[in-house]
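One chain, chain A, appears in both complexes that follow, with chain B as partner in the first and chain C in the second.
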Partner chain A sequence: MTTDAALNADVIGKRNEHLYFALRNPKVVIGLSIVLGLLLLGLIGPLFLSSSPTAYVGPKSEAPSADYWFGTTVHGRDVFVQFAHGLRSSYLVGFLGGGIAFVIGLTIGFTAGYRGGLTDEFLNMLTNVVLVLPALVVLIVISSYMEVRGVVTQGVIIGLFSWPWVARAVRAQTFTLRNRDYVDLARLTGKRSPQIVVREVMPNMASYLLMSMILLFGGAILFASMLDFIGLGPTNAVSLGTMMQQSMAWAAIHLGLWWWFVPPGLAITAIVGALYITNVGLDEVFNPKLREM
Partner chain B sequence: MGRYFRRKLLIYGVTFFIAVTINFAIPRLMPGDPVARMLNRHSVSNSESAAALRTYFEDVFGFDVPLWQQYLNYWTALLQGDLGVSVFAFPSPVSSVVLDALPYTIGLLVPAILLSWIVGNGLGAMAARSKWLDNSVLPLGYLLTAVPYMWLAILLVWSGGVLLDWFPAARGYSLSMQPNLSWAFFVDLVHHWFLPFLSLFIVALGGWAIGMRNLVIYELESDYSNYLQALGAPRRLVRRYAFRNAMLPQISGLALQLGVVVGGALVTEVVFAYPGLGSLLLNAINNQDFFLLQGILLFIVIGVLLFNFLADVAFVLVDPRTRLGLEGGQS
Partner chain C sequence: MLELQNVWKSYRVGALGSKKLTAVRDVSFSVSRGEVLSVVGESGSGKSTIGKMVLQLIPPTRGAVRLDGREVTARRHSDRKAYYRRVQGVFQDPFSSYNPIFKADRVFDAVRESFFPGLKRAEWQDKVDRSLTSVGLEPGAVLRKYPHQLSGGQLQRMLIARALLLDIELLVADEIISMLDASTRIDVLNLLGALKERGLGVLFVTHDLSLANYISERVIIMRHGAVVEMGATGKVFGDPRHPYSRNLLASVPQLHRKWSDAATEFEDLEPDGDREADPAPLARVGADHWVAAAA
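What follows is the complex of A and B.
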């Protein structure tokens, strides 16, 4: 009882310490506010904007003004409405693709690293193969065969092909942890392997896992935007990538409609860049050696 | 060393096998009828020729024999260099269409990858030495790695091609020219090549610089560096050792990054309407030309595997541990 309580207090204390340093780290604060701010715009924006992203609302090819914050397209569609809806799909793809890749990478990495032996040989081979496979091209071939593409399917197929580096890193880390004394002790108590992995091994790389999740999230957004740009985006929704594709298709560059292609790319750069910067900041939070005193 | 190469070659063999299998399986697994869609695309009104086309396509896909036979037939055709006939560039075979476009993509990719790697590593190593440079290189590097390839390409076309009008905004060479071996054509080619190259170069640069900076800092904190310093070795010597050790992960990273850079090159080519594999890919998608699409995938996979192998050879040359069969060269 008492040891349990003490243990809990210790865990909470440690969490609070990380939170304390995270909230005082300018990189984490700035990065997270950009990511969350744009997420909020994507979530709430479409609720307040009455028109649909494909509706023809106003004058054609108009520069940004008070009425149309980001101007209008050649067809008279409101770029800001498209932008808000596009943010929504980008975040959804990021969560789905990143989440799926994270789960697969973790499962394969832990299994290979903890079980070892033949299982490891096989899983390591699989990881290396998917690692060498040029993911974007495979994704292009798969999506081009789909007649109806949604944001969700896109997220799923991106997740299925972007896990290998996580699996590899998790495997290597598990290797170094699996022969520690406390893991041996847990094994002696008769716990089953999955339980040991979750209770004893995983907490020791929690910070690393959090950071790889962030990188996967950003990577999925970048992947999706490239697919969208090639014309393999969702058929039923607007995304930041399809906005750029449309602007190219209607020669926005030559017509000088910069407000059509600058915001979507800028938003992707801002989201992914902010994620990277958050990552560097979190590294400082988790690794006291890197903290500036 | 033998074990190291055997392992690598096995991985590449399996990768190639899986890529071919994906190519084979996707059209057969996906919902819908690809043949019907290809016919639709051509909107053949004459029912007689539609039927003829249909039998032709079904014959090419080989739907009339059992699945394992289809799979074997697919491999036989592939090994004979037969990738099918392109629908979009009918009646040229896929392999010749792809081979025509390949030099443009390679001409973009190889200089962009190598130069960004060299310059990025140099910048990163310098950044690890000076606080001032570090504070500017690091944020800029992260910004660059976050930029979507096509967006930077669009910005470059817009600024350099349209607003300033210094460079052509599209195509691989001027419309008025025919590809030949003259000096004028070469200049024109380089003029068109520069912006797409720059775009790829800039995006790839940031990642290398950041990676090198982190690695050099890590190496400078390691025991051997401390020991050297304690012995009173000049700082330059310590840095040189750190740099050489930091190169190793960067060389294996070169191979790992390749898939991403190839994807970047494809979308960059689309923006510039550059006549390489990227534009070909776009045409294949727009025309539902599935043979061409799969041919491009296969060529890219082979290219990536070849490049990976070259990186492995380079790794063996620079890291004696792999040569002697010690640990170091991870498989």
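What follows is the complex of A and C.
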């Protein structure tokens, strides 16, 4: 344990070192650029586009042109406008779903791991129940019962169901960390439990938490796209998934309207893939053993 | 000053706390100012558990822990904090006592934040420097370093310095020198001796009899969670009455004796029985010398 602690110290000792290596890790840089680039497009794009994604603005089934960058749909809607708004919704679902799952997972994981005993037994049971619930089925049931579905509702529901694996991992790590003497020492200094968790336990798993945040974010986006694609997406907004679903519903493949479904499909793949690449890169940053010599 | 009266501790183990492991059984003793009381015994005899109960890190299952006659357990957070102004602890593993990702002097900052929020930066720095000097450390050599850049002895002494920032009356030292090398050991031990001279009470947990003999006025020998013999160090080590104490003393390696010289004869001991039952009562066999009845 002593050598382990000493090793940790060598690795994590200098915070700035991580930033240094992260900014020089091609995977992290490429992954983050893609994610942030598309985010920027989703954030800023709609501000400059005057028309609404559901407005019939132009000729029908038009290929990409200078006027309509990504062409138009069978109904004459501007695909680029839809794309920009869709990005926005998808990121919103990612932040909401991932954020909610992160907060719940952390709270439950830390409480269970730090308190132990009966609290832990109970929370562990709860975690296992949610873990084995067929989340997709539950989501389908919930979604199909709701008349009006919005992006926010979707994000919240996804968040409520995707925290268990984070909770489990956080609990397991907290379990080992809370037995370190420095936790007892913090108690001898008159610190309260939440403060000890935040100041002594959490910093030791910062890298892990960052990585799970990224995975939750990507997972929520993917999950939302899947729900959208099977027709359970938002009824009052456009998302990347609903674009795909609409294009399929109107037989875009048969009509050769590739510009309708390729951009949203590529974007989903790019976001989720880029997040994954970022994660692999971060793993290399935090575990010097994985760094290439 | 500190007094334990008929203290029991059972840990709940197994699913839903279904099983019980009684680690401390009916232990009573007291530590006064300026006294070092050693607690010795084999691994798993409950020594650390006693230390943790004194430090209020875990609550006793039964019995009372008192400081100057006042019950200390199960009180409010603010009471507990006041208690920690007077009672502090140092643990066995110096490397586990520091959070490896932060600088070691963070343990001082935490004390300042909790107990001296109003003190000015310069005054506080002065206080830390004096405390470090008093434990034989050069402030410039240990401040602003990460734990792995310091030696085990330095780290342990910093923890003692941390405890001394508060005007403590009792220090719980749980095997604080078992991970140090022999020469550093003596330094830390002598430091404890000096603190004792200044009126500090020390609860010294160890499994090393020679250390206990060297430093302490009084000693408690524990086995299977219960006290088997206790009293003045000279009495207990000079005239051990319990077979377990005699075995312990016989098993201390001596400098001028080789393993091959003669096999030490060990006496048969009673096996670990029902831990829920009251342990054998202590009988007084001399001035400040008590022994549990051997079966």
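In this section, the second predicted complex is superposed on the first by the 280 of 293 C-alpha atoms of A that agree within 3 Å, B and C clash if a C-alpha of one lies under 4 Å from a C-alpha of the other, contacts with A are read in each partner's own complex, and residues count from 1 in each chain.
To be clear about the criterion, a contact is a pair of C-beta atoms (placed from the backbone, for glycine too) under 8 Å apart; a residue touches a chain by one contact, two chains touch by 3 or more.
Quick caveat: nothing in here was measured; it's all calculated off a predicted structure.
Contacts of A:His254 after superposition: chain B is touched, whereas chain C is not reached. In the overlay built on the shared chain, the residue A:Gly273 is in contact with chain B alone; chain C does not reach it.
In the superposed model, A:Pro26 makes contact with neither chain B nor chain C. By the document's definition of touching, of the two partners only chain C reaches A:Thr189; chain B does not.
Within the superposed three-chain model, A:Ile230 lies in touch with chain B and out of touch with chain C [touch as defined at top]. When the two complexes are superposed, the chain touching more residues of chain A, out of chain B and chain C, is B.
Contacts of A:Asn128 after superposition on the shared chain: chain B is touched, whereas chain C is not.
Once the two complexes are laid over each other on the shared chain, residue contacts for A:Gly117 go to chain C alone; chain B is not touched. Touch criterion met: A:Asp181 reaches chain C, while chain B stays clear of it.
Of the residues of chain A, not a single one touches chain B in one of the two structures and chain C in the other.
On the side of chain A, the complex with chain B involves touching residues 124-125, 128-129, 131-138, 140-142, 144-147, 165, 218, 222, 225-226, 229-232, 241, 244, 247-248, 253-254, 256, 258, 261-262, 264-266, 268-273, 275-277, 280.
Residues 12, 15-17, 52, 55, 57, 77, 80-81, 84, 88-89, 91-93, 95-102, 107, 110-111, 114-115, 146-148, 159, 179 of chain C are the ones touching chain A in the complex.
Chain contact summary for the complex, chain A toward chain C: residues 1-2, 5-6, 8-10, 12-13, 117-118, 121, 180-182, 184-192, 200, 203-204. On the chain B side of its complex with chain A, the touching residues are 10-12, 14-15, 18-19, 22-23, 26-27, 30-32, 34, 37, 138-139, 142-143, 145-152, 154-155, 157-158, 161-162, 169, 255-256, 258-260, 262-264, 266-267, 270-271, 281-282, 284-286, 288, 290, 293-294, 296-297, 300-301, 304-305, 308, 331.
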